[in-house]
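Two complexes, one shared chain (chain A), two partners (chain B, chain C).
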Partner chain A sequence: MFENTKCECGHQNPPDTTLCESCGKPLGEEALSDRPLEMRYDGVARRSQKKNPNLIDRVWNFFSSVKVAVVLIVITLIGATFGTIYPQENTFINFDPSYYEENYGLPGKIYYMLGLSHTYESWWFITLLVMIGASLVICSLDRVLPLYRALSKQQVRKHIQFLTRQRVTYAADLDGDDEEWTRKLGELLGKKRYRVTAEKTALLAEKNRFSRWGPYINHIGLIVFLLAVLARAIPGWQMDQYVGVREGEAVPIPETHYYVKNLDFEVEYYADDELPDRLKGTLRPKRFVTKAELYVCEANCGSTALEPVLRKVKEHDILVNDPLEYKGLKLYQFDYDTTPRLKAIRPVLTDLKSGETYGPFELSILEPEPEYEVGPYRLKLITRFLDFTVNASGEPANLSNQPNAPAFLFLIQGPDLPAEGETFFYFPIPTDRERFGQDLINGEMAERFDIRVTDMANVEFTGDVSYLNVRVDRALPYVFVGAFISLIGLVMGFYWQHRRVWLRIDDGRLTLGAHTNKNWYGLRSEVAAVLRAAGLEADPKSLDNGGRNK
Partner chain B sequence: MNWLSISSGAFLAAFALYCVAFLLYVISVIGRKWNNREPAAHTRKWSGIAFVFSSLGLAAHLVFFFARWAGAGHIPTSNMYEFLTLLGMMIMIAFTILYAIYRSPLLGMFALPLTILIIAYAAVFPQEVQPLVPSLQSNWLRLHVTGAALGEAFFAVGFAAGLMYLLRVTDYNDKSAFARRSQFWLEFSLYVLVVVAGFIITVFAFRGAGYEASFLQEELSIDARGNEVMTTRTVEYQLPPIVKPHASEAVSVQPFLGLDRPLFEAPGWMNGVNAGRKFNTVIWSILSGTILYGLLRLIARKPLGAVIHPLLDGIDPDDLDEISYRSIAIGFPIFTLGGLIFAMIWAEQAWGRFWGWDPKEVWALITWLFYSAYLHLRLSRGWHGLKSSWLSVIGFLIVMFTLIGVNLIIAGLHSYAGVS
Partner chain C sequence: MKGRERKITQIVILIGILLLGGYAVGTTLFASDGDKPKIGGRPPAFENVADIEGKLHSLDDYKGKPVIINFWGTFCPPCVAEMPAIERQYQKYKDQGLVVLAINLSEDDITVRDFLKRFDLSYTILRDKNRMIERRYALRSYPTTFFIGRDGRIMDIDVGGMADEEIEQYILRLLET
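Our next item is the complex of A and B:
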């Protein structure tokens, strides 16, 4: 199909241009109306308006639409609300899938089955974010390039219709020389910090063009941000571990060659006179700190037989809001536990038949010896539990690696016992002994032997445990750079406005048109002020062409 | 005389000044039509006086803020009372900026009652200074809260202007289905504002009468390491209990109009801190708000919107639309910085992750997404004026849900301590 796209001013426009790229004369359908002009992107043709689109064009057209972008934003917004109905899986350190049904009944079960318990990691949510990313890129490219072309080659003398159909427009008859008037008005606009280009009796005054690039810079920042967020899925870019370290101990940090040592942990509470009445008597922590040292392991890492070789690389007092940082590794104060726990005990072995008592012997809870000689008897340690429990299949197991409920399984050998020995379970904490039924487990042996701590002087407790959250997030700098670029774009776009004023004087008749991308109120007052300064009668409101984009 | 008593004195002064300024703005708007005067001169004179009073109110509010800061030793932004008074102050700052640009006394007629409502609501929460737990001892947090509040304040002014637009353009003589729908929703919006006022009045009435009831609540929670913990705590009510906390027993209930025991129990899915009490408060608010609304309707004998509509005669709706949009456009970058970027920096320092999909974070993101959709829609034909104003109303609803609703029904890291 042939289409004549040449404007009367002689400029050859690409098809689908709505305002001549050179003189601004309305073209095509735009020429048929007398409403204020649709000035978006200065009426240039965009790639997305191409005729006979192929598949790629169709995809491009889809994502280049602002309407589609808004729909994507709204769907994401609604999708995100689902994830706030119940707590998400990631808020639990030990996640148990039955949580939802147990706590919320059938709705909870459905919630879990629909995968809403991990809304923000679900495929549809990530897809939405990727689609928003595509929309950001394509919307921006589709507009910024033609807009750049249009703004960098603006003609000063515009078509009369272009001026009278601006939203802010003015016309008046002048007395005096046309060129003199043009010069005078140009000077007044210059005082308002406009860049003025005059061409005999026509003039273009423009300011803050840079604000037009604000949205695109904002979008670039958002893309960087989104890419950084997606990059966190790259193996090794992100790590999230928790370690509990007792005072005076060093523990390896999983997934790394580092060890962290807790030299000392302190917690300070608010005194009663610092608290308001309602909170008096409560333990409100004021400050807690782990004096920590970070070591790098150079040999024998993870070996149980050999001592690891450690080299200190950093020391830091870890506070909430003040992590230890070393080469991208960050250790955060997460939690603490000041409950006293057994460290070592010195129990005695009693032969219940003879009434004879042997010992005491030193039994370390955390690092027990493989064998103990107690009187004529030999106690071989078969296994030890720190936090004893009986699991679902009825076997003894550990709940955690904290000595909350220590238990020892000994093999006792000695006089009057079979040569291969007899097993004996020992729970040092009296309530555990009752709770887990030590005497029942031991059967006949319970009538033969007893192991007991006779005096509190024979009990030693461990220090406080500090829980640290160990993180690596290599994407972090990019996340913040993206956010910062985006903010710069927003500020540029919202706190400045691109204003342009065109005017031409034809035989004593002044015609003026002005355009801005935002804040018409400000533009009207500015133009009115300039006109008044030139001695022309103009009320800001009267400049309004009534042209809302309704 | 110490800093804290100066602060509470200044708070009362600010409240009184705002009320006076509100009346003055009303006079400057409706007095135009009084006879024996020239409308333009009347507006100029009275809006000038009103602006002086609202600025004095803001000055007193600033004294309140800084005196409390000096007295507490930390910036007062850490509990509901402090946050809401801060939000009120920020709305006044946003209003003052927009008033300086547009000189519209009408804006004062709508922004001031909003501020008054918010700071009166703030006074419902405990006002004592609370020492900060370690995670709140961060400068980024302070920047986050102040920045977010300022951004939201501009959204609030955008809402006030949007509401004015709707009141201006809704035609109460039009009986078409479309017009009736607009009339209904506009009236509903006004009703919601009356409910908030009803809530505040109820709380202060019962507090003045010294009403008390208390319950013992058992709660099963799961601690950080996955252990189940059973805690028992006492829940104190200051409003008669229509609804009692989930899984609780009454300890003492003062009878009120024959109501001597709760009528029903709060559902278990309400997770927030003291959800039962808050739910009870919501029921009371709706009851008293509805009664208050009914009384207003009895006096006016027509919809409240139809009472306000004629006052706005002769005001260019396009100006209102522009103010609403401009306010939101100014607020958006501030909200992005304060509500999201500073929040991410703080979260990174305190918890080791810049984003954790905590409900409050998600709702801040939803707010941001909503206003970005709004700003994009402003680029399209057909989304100015009416639709845009409705969006500014919905947007503010989302803001208020993020600030208060999330704490009411969803538990999370941001659960502020506070009664009601």
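Our next item is the complex of A and C:
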């Protein structure tokens, strides 16, 4: 049925309007009570409430509710705390699923099975973020449009009830000319930087309306922020991985067409006199730097056999927090490994019977020659192990493909030896020689020959390994833009308050009403000051008409 | 806002949220394992990989054939233990078009050469470098063997050493494709 929503001033209001859009007269339920007016959105109908909301309306109303938004935020907060219980998957360089069960037992196992090891990338967490985003958009739209309409078309002369039921109100009888009083009060308000719109015997003084848009600008900023965070899912927009580069080597950066070369790695440690007592004698790095070069691979990039064609694009000394940057790619100094590994040695061959020493000869650990001539003897390389061990079947084998415990099996031929030669096992590293019992293995030959490095100058180590953290984050600038917009909105909303003062003078009777969105104390103070300056008796407390908060 | 306009705006916004949100949630549901080779999926390609004689091979060269890709290293005892079994099964089925590519885990020349001297292997040994292929195949442990059908899709993935019977069963499945 059609409700009669026409106000006594003649204006036709949409249904559910609580204060007449034109004169401000309380309508409907609002008219029945005596309490201070509900001034949200100036009483304008916020939503058209249909009798039978369809699906779209229902979804819209759901997201438009602030209660729902608060609930969503609380659930997201609780969900986010789950991700802080155990370290997340993405904090590991080489993630191993058994980590949780191994370190935390059954709770750890359940944690991993529930997917909580990647809480912030899980579908339900992202869904919550999307819902908060939806809520941000819909809540804001649903409120900003009616507010804008209400504030844009404001009437100057308001209904008496509108004025007397404001939370700040004043009435007095005046002597003198109505128009003169109006003009005078308008001037005084103008001095307080109000923008005054006056009719002959009524005026509206308003200031800082822009502050009302603050929360909405804030929400726009948050939406941009959220979209930027979600944009990280776009392929190529985010990368966070690690590469280890040995001095002198160039390694490919996975998932890119780049290669990084470690020209030189240096680490400086604190001297003892720079360290506090309890740390003296420890090896504390003071500064470590990788002189690095970045190359772009132009051909043969994925090949393991063909040499890649590289073109240098950048060079930089990478220090902690001083990365090499190139087109959004950043290489940070992360870690290093200076564990010395043998690269080459120059041992001598000693004939124990005659006491003669032959050599030294150049023996490369990684790329040894098949044969060496040392003095009158010939050393044929039968085989070489990089990481010697004896396996379960008692046979010599490699423990890994890293040169941690090199061993050489030679066939020695020459004078006073059988034609087919004699085998000789050589372990360059003395501790390995002990460990594996080189002399025992070589039997009689151990009394005949010895191969040994006599001078540390004849030992060459491989270069240090530098670990770099490779990062790409193309969404970051937009995150900052969103945060900045948010901040502007907050500043707008918090540092200024929207104040409005209406007054009308009817045959010497002044009726005044005032409203603000925050800081009523300040408003009352200011209005009282204006009234006093006009010569009227008023103090802030007397203006107070009650209401929800002070 | 007039009813009609309002309705359109609501629909547009809700659709926008659905698309963006759907994309965001979709990437979390589907992307995480996207790069790892899975059963039913395609094996990651590799090109111009050298064998022990220096000849170059690409995975594409074997299109349409049943292929076994076995990752091995001299430092991996179960890899070494299963090699004779692989050789035996290869001999049995190579006339039916079976191809075996044994990709070594980035070890150096001498290690691989010396090691192979101890075995009599007739199948193709390929050399990975800098763990490139290994990474593409997202290997977690060794040995890992991929069985690829004639249709070019991964039929089985076996992690750990295999015995003759196991290998034979996998091969028979491959030959059915």
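The rule we apply is simple: the second predicted complex is superposed on the first by the 402 of 550 C-alpha atoms of A that agree within 3 Å, B and C clash if a C-alpha of one lies under 4 Å from a C-alpha of the other, contacts with A are read in each partner's own complex, and residues count from 1 in each chain.
Methods note: a contact is a pair of C-beta atoms (placed from the backbone, for glycine too) under 8 Å apart; a residue touches a chain by one contact, two chains touch by 3 or more.
Not measured: the values here are computed from a predicted model.
In the superposed model, A:V453 lies in contact with neither chain B nor chain C. Once the two complexes are overlaid on the shared chain, A:L306 sits against chain C while remaining clear of chain B. Of the two partner chains placed around the shared chain by superposition, chain C is the only one that A:V130 touches, whereas chain B remains out of contact. Touch counts on chain A: comparing chain C and chain B, the chain ahead is B. In the superposed pair of complexes, A:S400 makes contact with chain B and with chain C alike. In the superposition on chain A, chain A positions 400 are in contact with chain B in one complex as well as with chain C in the other. Residue ranges of chain A in contact with chain B, taken from their complex: 38, 40, 66-67, 69-70, 73-74, 76-77, 80-81, 83-85, 87-88, 90-94, 96, 99, 103-104, 107, 119-120, 229, 240, 270, 274-279, 284-288, 319-323, 330, 332-335, 400, 467, 469, 471, 473, 476, 479-480, 483-484, 486-487, 490-491, 494-495, 518-522, 541, 544, 548-550. On the chain A side of its complex with chain C, the touching residues are 48, 56-57, 59-60, 118, 121-123, 126-127, 129-131, 133-134, 137-138, 141, 145, 227, 230, 233, 251-252, 254, 300, 302-306, 366-368, 382-384, 386-387, 391-392, 397-401. If you check the complex, the residues on chain C that touch chain A are 1, 3, 6-7, 9-11, 13-14, 17, 20-21, 23-25, 27-29, 31-32, 46-50, 54, 56, 73-75, 77, 80, 105-111, 114, 127-130, 132-133, 135.
By the touch criterion given at the top, residues 101-102, 126, 128-131, 133-135, 137-138, 222, 224-226, 268-269, 316, 318-319, 321-322, 326, 329-330, 332-333, 336-337, 340-341, 344-345, 348-359, 362-363, 365-366, 369-370, 372-373, 376-377, 379-382, 384-385, 406, 410-411 of chain B touch chain A in their complex.
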